[in-house]
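These are the structures, in structure tokens.
Two complexes follow with subunit A in common, the first pairing it with subunit B and the second with subunit C.
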Partner chain A sequence: MTPMTPLSECSGIVPQIQNIVSTVNLACRLDLKKIALHAKNAEYNPKRFAAVIMRIREPRTTALIFSSGKMVCTGAKSEEQSRLAARKYARVVQKLGFPARFLDFKIQNMVGSCDVRFSIRLEGLVLTHQQFSSYEPELFPGLIYRMVKPRIVLLIFVSGKVVLTGKF
Partner chain B sequence: AGKTPTLGGGFHVNLGKESRAQTLQNGRRHIHHLGSQLQLNQHCLDTAFNFFKMAVSKHLTRGRKMAHVIAACLYLVCRTEGTPHMLLDLSDLLQVNVYVLGKTFLLLARELCINAPAIDPCLYIPRFAHLLEFGEKNHEVSMTALRLLQRMKRDWMHTGRRPSGLCGAALLVAARMHDFRRTVKEVISVVKVCESTLRKRLTEFEDTPTSQLTIDEFMKIDLEEECDPPSYTAGQRKLRMKQLEQVLSKKLEEVEGEISSYQDAIEIELENSRPKAKGALANLSKDGSVEDTASSLLGEEDVEDEELEAAASHMNQDFYRELLGGGSGSAEAAENPEGGGRALALESLLGPLPTAASLGISDSIRECISAPGRDPEDTSGDGELDLSGIDDLEIDRYILNESEARVKAELWMRENAEYLQEQREKEARIAKEKELGIYKEHKPKKSCKRREPIQASTAGEAIEKMLEQKKISSKINYSVLRDLNSKGGGSPQREGTRPAERASSRRLSRRRTPASRNGADPGACVGKRLRPLVSTQTAKKAAMGEAVLPSPPALGAELVRPAAVLVESGPVSYHPEEDADEEEADEEDGEPCVSALQMLGGNGTLLGPPQSSVFCLGWYTVHSHVPPAHRPMQQQLPVWAQAHPHTHCTHVSSSTSIRSAVCRVHSQAHRPCRLFCPLATVLGALLGLEASGVGSLVISLGLGLLPG
Partner chain C sequence: MPGGGRCPDCGSTELVEDSHYSQSQLVCSDCGCVVTEGVLTTTFTDEGNLREVTYSRSTGESEQVSRSQQRGLRRVRDLCRVLQLPSTFEDTAIAYYQQAYQHSGIRAARLQKKEVLVGCCVLITCRQHNWPLTMGTICALLYADMDVFSGTYMQIVKLLGLDVPSLCLADLVKTYCSSFKLFQASPSVPAKYVEDKDKMLSRTLQLVELANETWLVTGRHPLPVITAATFLAWQSLQPSDRLTCSLARFCKLANVDLPYPAASRLQELLAILLRMAEQLAWLQVLKLDKRSVVKHIGDLLQHRHMLVRMAFQDGTAETEDQEKEQQGQRQEQRHGEEEVDSSLDLPKGKRPASPALLLPPCMLKPPKRIRPILPISTVTGDENISDSEIEQYLRTPQEVRDFERAQAASHASTSVPNPP
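Our next item is the complex of A and B:
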């Protein structure tokens, strides 16, 4: 049984997007050492992780740039910002002398949170929505609700706060 | 279960079922072992075993430690039966991280579609009360604690919390109520939570109205009202604080706004009172006045026009910037720093228009503003980087200049010196190996093709054929190999190809799979694996055979004769990917194990003079887990035993003499040397773990060998 959509659509609660993860292909091999040594905002620790970690201030995001030319951009608060940030990183890489392109920009994951303003009885919820919910107080204080359509995972807490996350 | 069928071979037909049976048997044993430690009754253990059977049939054991799956099955039973066992108990027994167990458990519950009912903290009270030793008043204290717990539940304190923490708090209060002086430390040692957690629960309980009742009142009365969960109240409080702060800051802004408007008014007055300037300055003042009226107009409008306001002021900023001594201009400029990218685009669109609002084209301007924003989305698949909206200056700020780059390079080199050193060494090694022509690139695993069995009538022929087939190392003295036949005489035919992986070894390894996969203890392994390699009569089997290594000169003096041979059978599969050839010819199909003695005795020939023979006891399979898609890698290491003729007991020695001797023999082929390196550790482990097993084995063999 799927959870019903409430009769009144606007409950006034709109989830705020907290984080967006996106990937893009710069389509050229990169010399991570060169990037790390010539960029102000880049860190590269090859022993620990095989990618350059670059940050920009506006929009406030972090990117992982791999030597194959693929890049992961995280931390943006909207899709547009994520795209803009990814383009800025690509521009930095271009300016450092690599023929970077901007292929296959794709948003991989979005995380949002909201507050429903009332407390939620998790034990009751796990009883009525058994197939979707998983509630293990010994392991995690929130209830993990895996909604099928739309394909979203919600972390529901007793205080009424809900975290939503989903992959495209 | 993923085993490839053989056509007409039938070798593995039984093996599949055997393997499954072995797994289940092993699982059953583990479940009983663990379950008895938890004091679960037989019914629970049987149910757990059923869960395990279901898990195995759904291949959930693949790629997971058996112990984890067993623990998950047991915990599932505990939950469905409602026993007072916590996941923490299981994790304590196994010394495994509780969250890892939890993950396995959740997966198991989901895959088996079993809904474990939520834990009720009341279940744990009798168990903890018993541990806290309340003596005769146990029942009363438990009752009080239960009542407290009910109250906590109604006050929403138990949602999302570990049940053990609540129990601890309830028991502590109950004990105090009945004049038992149980300290916090005692309680937490029983209940397994942290002291701060317990204190927090007590504080939360304190906040509820029930805590105000006296003991007697509490036992009789039940308050009607229910509290909100503590996290909810805390959250609400934080929200209120934030709202207050926002209101305050808004008020501040308004006050500031008023002040700035007064400032503007004053400045205008000052301007007017100044002597009129000519030329540009005149324009400036005119624009200034227009701008001021515009800004006041705009200020009255709502937020949507904020961007227009910013744009307008930014435009005027440019005029101001051109002139020096624009005192008021700099003030204006300072007020509106958010010109930014938006304003740039606007500038290009608007040009030198006085103000948009005054011309009444604010709407169209707004459209234009959104349009450039939309363009990036329409990038076609050509992948060119769209630079709109990116400020080049900003990007340049992220790039270091020459001197800075040099400094950073120096620092980075220093930081990563070791890593760079390692890389250089690795490259040097690869280059050297390339020169020597033995560089092996570690390609991703591929399954080997099957090879046909070698049909040969004599051992020599078999050897030749095999040498043709396989790429043998250049380090082997083939002439010696060919001589073996003559030396060996009646003894079963051997082959002397060292590094070759051979069908039999593979076959043997296959045989070992079922047992080994269940991760049985090494001693048992040794027992089962007793397969001395003495091959049998047919040439075919010879092909699969064994390696006979010319021992004489190499071995130490104490190891004897030229005729004495070091037998070592089919080696180590160095290529674990070869999803081996279920090869045909096979010896004992039905028997999983043949004792060394039998093999030796059966042939009627001993491996050499009984004085001292070194023979291979068997194989100890080293098993490593790889993801379910691949077969477990098997390495077979021989277990060596040296039988002393003069003593009636044999001793297993990881003796360096043997090892060094063997190593010398094998020094040509470098791979086998590595084979023996972990021998000591293997033996050590074997001896340590199953000393009795190995010892008795060895003794029996030794005794058998000594003809007296």
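Our next item is the complex of A and C:
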């Protein structure tokens, strides 16, 4: 088990969310060519990738829309923003004439970052937390810490910057 | 024949199933009349049990060692022999390779990955015995791509649930330094460049220890630091003759590849040594620079622990105080330190420079981009979406026509056939 910090010792550092990945099912087959033709904010290169890449300005996000009707929404900075963005993409698809619905919206992954403001001896950390850490300076400058509870992966750098990512 | 079949000719119930060549027939055993003929052809599902089974689905795979695995095991043995590893390493590496082969993801992997897996097993074995083998060496020996190697290495460590200790820096210094061809005179190495191996090793070790203590090693590839340390050690043992030799020339003489970051590590190490030199009164007056400090490396290393403590203050306390103030103030303080440095040109008594921060170089450099602090979002996700907002993303019918015309024109121009 990862050694737990008692609540009284919490640092008060709150990670800033950098990215949220969510998926939603529009529940209808889509004609990607038609979407790419009628939408200004869409790009579609079937030879490169079998989905339309659509972007909206507010909230600033990108969506991958597949012909099966499934959609992936990335780039939002909060769960609510991600849901709002996904709804906007669904509305765009609706306005293009498809009977799009909004089923099974689910947040798939969240990425956050923070700064603990002190330098970290990564080689020491990998010794004391061997079972959870992977530090290979020949490959990557950061230490990869796989926390068990909660199931989060942290990228810890010598400067004290930490990237946290967790899949649901 | 059970089932209630009757011969149409004689009415007998004695019907027998008889295969005439490959065709099954129902024949009356009394009069010999053929009642029904089986189909000559069978369906795919009918032949389910007669179909050929692919090797990967058969049991033969787990019963015997496949040719591909045998080849892999031979490669493991060859690699161990090339690296002149003890025989116990060979057995461990073989065991890891066999263990890896139990997993279907590895069995079905491309040959390139299986080749790289050989290197991974040998590397893990060496690491567990504290044998200093770098990934770069293995990739060079296997002619493998570092990206493929790193992916396979991370995968196999996770798959086998292995605990792989870190690379031992001291051992790596010893093996790497010993590979420098500077210990004997040769046509390419003049006598003044030849150095005693033990002296160079001990000084390099001290320099690498110093680099480690002053945050130059954490998070960085270990080899360039050792290259820079070896160069400085070699220079400092006979500075009068060797100061004119550059890092690149040194590596060429020693017949060792110069890793790209080594030049940057060298500058960082020299900066640390200069800061330490400022704490020694008799060196303060000499107005040392990055070249002249090399002559005094011996002295500096002898007192390195004390000098580092004097020259640097703990970075943690300093940064916590600064974060409470504005960014600008931090800039001011750094400028303050630089002013103190330049004041060494006119020594104002024996006051040493104010202690610099002992922090990794990435924390000392000004940030490239100031992270924007986003305003707290009040989005609930259930807001009303106005039609006009959505329509801004849609093309008007006229725009669609123009776009189609433009697309057709561009396709026509790219696919114009050559005139006959």
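Worth pointing out:
Please note the rule applied: the second predicted complex is superposed on the first by the 163 of 168 C-alpha atoms of A that agree within 3 Å, B and C clash if a C-alpha of one lies under 4 Å from a C-alpha of the other, contacts with A are read in each partner's own complex, and residues count from 1 in each chain.
Basically, a residue touches a chain if its C-beta (ideal position, glycine included) is under 8 Å from a C-beta of that chain, and two chains touch if they have at least 3 such contacts.
Note that the coordinates shown come from a computational prediction; the quantities given were computed from them, not determined experimentally.
On the shared subunit subunit A, the superposed partners subunit B and subunit C overlap sterically. Within the superposed three-chain model, A:16 lies in touch with subunit C and out of touch with subunit B [touch as defined at top]. When both complexes are overlaid on chain A, the residue A:77 reaches subunit C alone and has no touch with subunit B. Once chain A of one complex is fitted onto chain A of the other, the partner contacts of A:97 are absent, as it touches neither subunit B nor subunit C.
Looking at the shared chain after the overlay, A:59 reaches subunit C, while subunit B stays out of its contact range.
Of the two partner chains placed by superposition, subunit B and subunit C are both touched by A:39. In the superposition on chain A, A:27 contacts subunit B only, with no contact to subunit C. Looking at the shared chain after the overlay, A:157 reaches both subunit B and subunit C. Two complexes overlaid on chain A leave one subunit B stretch from 326-334, 398-406, 524-532 or 686-694 clashing with subunit C, and it is 398-406.
Subunit A uses residues 37-41, 56, 58, 80, 83-84, 87-88, 91-92, 95-96, 118-119, 121-123, 126-127, 130, 134-139, 141-142, 157-160 to touch subunit B in one structure and subunit C in the other. Put simply, subunit C touches subunit A in their complex at residues 134-136, 150, 153-154, 157, 163, 166-167, 215, 217-222, 315-316, 319-320, 323, 359-360, 362-363, 374, 377, 379-383, 385, 389-395, 399-400, 403-404. Against subunit A, in their complex, subunit B makes its touches with residues 86-88, 98-99, 102, 106, 109-110, 115, 118-119, 156, 158-163, 228-229, 231-232, 234-235, 239, 373, 376-377, 379, 381, 383-387, 389-390, 392, 394-400, 404-405, 408-409, 412, 415-416, 418-419.
Subunit A meets subunit C in the complex at residues 16, 37-41, 56, 58-59, 77-84, 87-88, 91-92, 95-96, 117-123, 126-127, 130-131, 134-139, 141-142, 157-160. Within the complex, the subunit A residues that touch subunit B are 27, 36-41, 44-47, 56, 58, 80, 83-84, 87-88, 90-92, 94-96, 100-103, 115, 118-119, 121-123, 126-127, 130, 134-139, 141-142, 157-161.
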